[in-house]
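Same chain, two partners: chain A is paired with chain B first, then with chain C.
Let's look at the complex of A and B:
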């Protein structure tokens, strides 16, 4: 292989295309990481089942559409609610007994993820499934020389909407004050009538619901299969950890990571770009383990 | 009795820290809890808030039995807590810290009570400042304001003048006195300074080694007792 096979020279139009792809990629990673930002970033729980919450969201969408004929857009809020409820059950039944044992939480949620994957495989089989999306989301939008699939524009918009809603919930609502006070100092929060156990349950449920709705969206992008969660969760964890577990940290990190990946893979190829990106993240975390922004929530 | 503890033993883990504590405070009075460092004053406050591992005996607030209630249920029964070290949330703004207190209100009002702003003009002018950037005395004011926002019947003040510059101590003392005499709040106050305790309180208990060693009206707090239990 010569250098010229490996290295693509710079050209303006494809490069701008690559930047747009980077934005799209960033929005997908951000959506996948949003629930994790809440669960890991604010609660300090390393939820190994996060990818499987995404997978469940995708399968719920598929079931609603295949068996009940629901339109795809309606499936998004429904899978948010159902996966949030599943997440709440997992928190109530398992995780809340393990808050002072973080390593056991890791193991337990990994067990949960295996149970989810195998259950889905038993019920629906291991073969990939397809989902019908509305026509206006299945075509390609042409802007000048750029051809952008409208689904990617939709996901980009939804990412901004979900970040906005999450920001409003955490920083502008009474529930947000409760969440942030429990994260800073559970005893003081309890001294002011905040039921921390209820707050943990609802926060986890919200994070799981975000994973569910992201799974729903991804079902419109790619095929769905029982192991699909793995394809999203690595980048999601990297976004959350590099972003310091903060909402805007995740936003910034997803943007930077998406663009870097896309630019690297424009000049080289996907595999090499991924390699470079991961190495850069490792080096970055070596010198700044607290992430881009300093985390405001105390780790338990 | 507005607050009453009967034969309370309180545990951290399996270790009893306070033993056989019986103490009460009448509506509108101020009770001073005295004693050297490490005798259990703060633990008594934490026991009242339900922040120790568990307690035996019985405790009631305004006639309601709260022995088996959790912390958040006790605070909604009308106890405002101003902990040692102030316990303000440093990442929150002044406004958010005070709003935190309003979650305990029975009327579910989510606004900063006028009294807080009137008592502490500095806080009123700096509602959007990060609480972590305030000075010790200002944080203490914030802690009191937050407890007041709960619309409490009783205030628990754990060493309110500890670690605060002397000119602010007087100010905080005056505020505490006003809360008791003018607003009519019942207070439980731990204090290292005997002089402050004598000025503010109606009754006292002296703790020693996790038990109550002496108790009575403040006028019965003789120098002899002070020498025996409080002088270093």
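Let's look at the complex of A and C:
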């Protein structure tokens, strides 16, 4: 193999395309990581079942479309609601007994993830499923020399919307104030008549719902099968941990990771880019384990 | 909450202990029956055969079908009277898509279950993991999937196409019909890379050139960086060795990127009927697949096979595809091997060894190698190569239509023989007793 096979020389137009692709990758990773930012970053629950919430979102979309004929866009909010409800059940039935034993949540949620994968496999079988997306999301948008699939533009837009909504919910609403106070000091919050167990349940449900809607969106771009969650959970954890568990940390990390991956893989190749990116993250976390943005307040 | 290093180590230890408690088979070594002169098939027992596939994990997408079609074939043989009156008893294990589990389960099948033969594996990785165990016990493995070759072992029979049979016809066909420039995309493991070495040799002969080559991780589903380079290089067609769930994402994103299959088709070696159903018919239409078998093949044996399989209790997947058919052939060919071994052993079941089944499947008693006729094999007549124990078959090129089924656009006029060292002539020639090297020595068990 010569150097030339390995190294793609710089050319302006494809390089700019690579930057755009970086944004698209960043938005996909961000959407996948958003729910985890809430559940792990804010609540401190090491949720190994996060990928399976994404998978459930995709399967709910498939069921709604395949058996009930729902249009794809309508499936997105419905799968948010259903997965949020499943998340709420998981929190009420399992996670809430483990808040004082955070590391046990790792094992418990891993068990939950296995239950989800095997249930889906038992009910629908292991083969990949097909979801139809609307015509306008199957096209490519041409701007000069740039060819951008409309599905990727849609996911990018949705990522911004979801981040905006989450930010407004956490930092601009009464519920957000309750969430942040309960996460800081549940006893103190309780003395201000905040029902902390309700806040925990709803926060977890919201995080799970975000995973569900991301699964719905990915169903138009990626493959739907019972083990698909594994493909997202690694990147999601990297984004959240490197971002310091903060909403804007995740936003920044996803952006940097997406661009770095896309540019590396433009100059070299996909495999090597992945390798370099993971090595850089390990080195970064060695010297800055608290992540890009240090949480500005005391946490539980 | 903060995760300190100490807490994490503690947590990990708790986790490991939990896993160990839940899965004792991970660490309790087999101390079943001692190895000895016990027969592999008892006079008054069944013929036990191991089925080593994954029913769980990412490989289960394909391997679950392999298990189902094997059980279907065994049911069929048993209903027809078994092997010389003896019933076949399948021992199904789940390899959980984990290479280590393949090795463990293989040891279990040989030592504890004492099966006479094992059928299994969809990937080269798992085949290469279990073969040392098979060879250690001088046992027998049937591998039903296309693979790269470059191996010469005396304990394996393959019923799928080798790299030299697989892309041999496809590359000249694509160069002739679409043009010389090709972009290679594959999954990142041994089979795509070795397969592409063959592709490059055939490409050179056909006057084509490689304008780019990329590999994505197994299970990866992000192809936009690759498509960016493809747009830049403007190949005439794409050669894909992307497998499994990634393959579906590749085809869907091809369509979403605005590429057209009539301008720049994807020629694949593994995109079968399962995949075209899951990617949507629009995404599959117009692309090419080289395989010895397609569900839509028009012949009475295949029509029977498709009907009987899909209406049986095993046909829940809804399609038949090349890998299932090759698995089915493996069971039928194995049955013929056992019949010959029984004759070789003078009717004494207990004298049959796994290795004997393999040896008599080649040239034996002047009868030539075992094979299947047009009436037995859905893909048409096939037979085992008496030297390297791979299969002679007719490669076919299919183009996917708008219904997810393939139309045959070219069928090899003659059977093409397997040649595991086709692009490594300096390594030697694979014969029944080992690899005959150019210096005259014979190397056994070349993995």
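Rule of thumb we're sticking to: the second predicted complex is superposed on the first by the 295 of 300 C-alpha atoms of A that agree within 3 Å, B and C clash if a C-alpha of one lies under 4 Å from a C-alpha of the other, contacts with A are read in each partner's own complex, and residues count from 1 in each chain.
In this section, a residue touches a chain if its C-beta (ideal position, glycine included) is under 8 Å from a C-beta of that chain, and two chains touch if they have at least 3 such contacts.
What you are looking at is a predicted structure, and each value in this text was computed from that prediction instead of being measured.
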| item | value |
| --- | --- |
| When chain B and chain C are modelled together on chain A, clash or fit | fit |
| Partner chain in contact with A:221 - chain B first, chain C second, else both or neither | second |
| Residue contacts with chain A in the superposition, chain B compared against chain C | C |
| Which superposed partner A:193 touches (first chain B, second chain C, both, neither) | first |
| Least C-alpha distance (whole Å) that remains between chain C and chain B when both complexes are overlaid | 16 |
| On chain A, the residue positions that both chain B and chain C contact, one per complex | none |
| Residues of chain A that touch chain C when the two form their complex | 5, 8, 11, 13-14, 17-18, 21, 24-25, 28, 44, 46, 102-104, 106-107, 110, 117-118, 121, 125-130, 132, 138-140, 142, 147, 149-152, 221-225, 227-228, 230-231, 261-262, 265-266, 269-271, 273-274, 299-300 |
| Complex contacts: residues of chain C adjacent to chain A | 1-3, 7-8, 10-11, 14-15, 18, 55-58, 60-61, 64, 188, 213-217, 219-222, 224-226, 228-229, 231-232, 245-246, 248-249, 252-253, 255-258, 274-275, 277-280, 282, 316-317 |
| Complex interface listing, chain B residues touching chain A | 49, 51, 70-73, 75-76, 81, 83, 87, 89-92, 96, 99-101, 103-104, 110, 146, 150 |
| Contacting residues of chain A [partner chain B, same complex] | 174, 177-178, 180-181, 184-185, 187-196, 296 |
